[in-house]
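Order of writing sets the chain letters: A, B, C, D, E, F, G, H, I and J. Residues in each chain are counted from 1.
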């Protein structure tokens, strides 16, 4: 299985670039590995973005996310890294990524990172 | 079965044009076809608008939406196109269309497009 | 059964007129008749108002709403008409009426109308 | 689009035929057409069966169900016909089909049909 | 508006009389009148029956139930009477009627009546 | 305020005595007093009975239950006593009373008592 | 049982007066009496306040609220009176009281009153 | 803090010993310690019993359960031990104890133990 | 990462072998791979068993289930195989395994397999 | 068991300090002791913070919170003290702590305290 890299994310032309509309994508089946314990982590990722000239192709997003299956990476870092890759590929006007993780030791975490294109 | 076209949308006179009030219409039974795979898509459409001089007649809206049953069209495009047709027919002060789609490959999408009459 | 008229709405003195407080009244058992099909419509009405010098007496509101039982009237019109009658009777500082209607042909509607006293 | 026929349903060998276990399959995206009004119907189908020597292949089930998209057929008949086709293809020990339909005229329906292999 | 009578209930031939299957019909929009207070009652009716040679036609059931709109009748009696009419029209193998009524004076009621064809 | 006594419970003739049907009555607004601490208790009472020749009149039930408002009585005893009074008044074929009490010290209680007429 | 009076409300020193933090107190077991009908009313009270130099002691609040058990008072008045007493005792920076009442005649009410210390 | 022992459980006379009725007690605030890891465990205990001559006094049950706060004991053992102590104290006709534990390592557990008096 | 094998499942002595009690274990974070498409599957596994002389140690169960992370195996087979391994390790009196899988192509599956020790 | 002190809270470097992102941590298994009654309190703590240069390590947070297990401290004080310790350790840009406590005497409490770094 390949490692995740942002070139996996494919885009297509936004047919309505003159209107600012919002796309939300829910991915409840994300899994990666805790780099400290080697144990798998499970979470839901929720992308919300306003496209500029490009939209993210969903099947390529699925394959990109699957590539984290055996990657060791912390919650905070995987959230920020995926947002960075998403922004690099889609160049959206705004984008938010929420990652919601299953409980560990009685404690569960939600990370929310946002991007706004500088104008 | 006819193809969808905006002339299918009928309107009636708004009896309270001096008050800005909001009408929300939920259509949980929308279906169209994915142009890439030929597979049917299922979604819920939620219109929220402030009428100006006209209100949209619900039965004509139902028939207009049914005309997408065998149309191949992407999520983003069908949402924007339906909003455009709705706005052309009703000429509302504001209008929002949310489309909420069933999961494909473990991923589900929600598109939100808004229109505000320029003044 | 009498037809609905705003004189049915009784009021009593607001004992706390110097404080702007909010009263919400939920009426889940409203029914009227569709003027086009003659079929009964069922909905929930939710009033939210800030009283000025008067509060609406609940039993009179119940009887007033029951008078719509055999009235033929559209969703948009009944919502605006009831709000107008409510405002005429109670002369509130602000008032909102939400009407939430059962599905017809797979489509359901929510109407929201607001009133603000001009100052 | 082809009409639905039971030969569309493919099966594969049950690897655990000596144990009576249960398989439930939920299909929330079923649509057919009312033969009386020509209007589309939307429902959820839930199959629950105990396989004998064969299991139903899910992708072929999906395609078989999609073939009802433009078929005019009543709730009761489509439920019984699909159960008959399912039983003919899979020859299960027992099978139940529940169909749960969206409201029409304020009324919604659930049909439950069962099959038990005679011994 | 006509008074309710069992001749309003229409039936059609059951196409699968050799299989005992179950039909559930939910009617959340029932209303009648309390004979004691003259106040409207609101409830949900749920029919569950196993057809023999006949199925109940849904539109005729809707019209039959609407005829109670201005009838004065107690919870217990309307439930038993409607079940009797339903059984007389459809001659089912078994039938159950549940009526679930909105609260009055802080108290709400559910009535459940069953019929089994004697053999 | 009067103390609760079973003569408060009024009954009316069951119009369908030949059919065994079930009546459920939910009373979410019951309150009595803890005899040990003097603190008020709050609970929901749910009666479920099959009437014989008599049905319980709901308004009299409401008044009977209100008479416990200032009575000091334990959960177990109030549940059994009310069931006894209900049975004495209505002489049902079967009757069940469930009482569901708000938490005290982090602990909440549900009492379920049943009566079956000996034959 | 004593009548409710604001001296029943005890306070203790706020240990963190330099930080504006919020305390919400939910009291789902409030009961008083309708002055018109003599019937008991049941509601939930929710206090939300930002303490200044004092916090309200919960046990004294419970006893104060219990003193309304046999008081005849309207929804609007009891909500405003309790807020006034609460503010007089605790002298908070801000305070909100929401009272949420069980349905009467198919209608239920929620009253929301707010206080902000003038500066 | 004392260690848990069954003598902490107090009982009182069942006033209705001739009727088999059921008492359910929910304790959502139970905590003990994992003997392997030293980490605290959190669970909900639900007792359901039919009393014979004695009922369990709730405050003593609360104190008995609190005594497990710093005890190291496995899920299976604490459930069975508490049921044994409960049965020894109350000598019920039947008793069931369900313990429902928070997730550890993505896995959560529910233990259900039952007692029936031998006759 | 090692392949799953039943020797990974560790057990410990059941301290209450004379009582038939039930242990339910919920594992919402199971993932394996579809052998046909190579795509990951996600499901929840729920074990319910009555122990005989041995209980299953939870950490070893977690590691055993993690070993399926990169295994290609069908829903039906993985459910039956895991139940077989569980039974071989724990030799319970009875055991049930439910596997509940995320939707694919709009269709989701639940498999339920049971084991009863022959006596 | 050690007493809680802020040195127990460990931190690690924030890898994305240039982006303001939010971390929410839910701890549903918090328990401390009421200093007045000696009874245990149970609550859920929810931290929401925007990290600056440091993130809080979750395992150390768990151990820090466990140290309150046998501490006598009021709701208001424990919420403010834990927020102070959290801020001292992590030096975040903003931080909010919500504590949600189980009901006592029919009353439950939620405390919300916020911190914003002065600039």
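Annotations
The rule we apply is simple: a contact is a pair of C-beta atoms (placed from the backbone, for glycine too) under 8 Å apart; a residue touches a chain by one contact, two chains touch by 3 or more.
Just so it is clear, the model here is predicted, and its values are computed rather than measured.
The fewest steps needed to get from chain F to chain G, moving only between touching chains, is 1. For the interfaces A-H and F-H, the C-beta contact count is higher for F-H. Centres computed as Cα averages put chain E at a distance of 46 Å from chain I. Our note on geometry: chain G versus chain I, Cα centroid distance of 52 Å, whole angstroms.
Contact with two or more other chains is made by residues 28-29, 39, 42, 102-106 of chain C.
Applying the touch criterion to all chain pairs gives A-B, A-H, A-I, A-J, B-C, B-D, B-I, C-D, C-E, C-G, D-E, D-I, E-F, E-G, F-G, F-H, F-J, G-J, H-I, H-J. Chain G makes touch with chain F in their complex at residues 28-29, 31, 39-40, 42, 66, 69-70, 102. Chain contact summary for the complex, chain F toward chain J: residues 39, 42, 102-106. Across the complex, chain H meets chain I through its residues 76-77, 79-80, 103-115. Contact residues on chain B toward chain C in their complex (touch as defined above): 14-16, 19-29, 51, 55, 58-59, 61-62.
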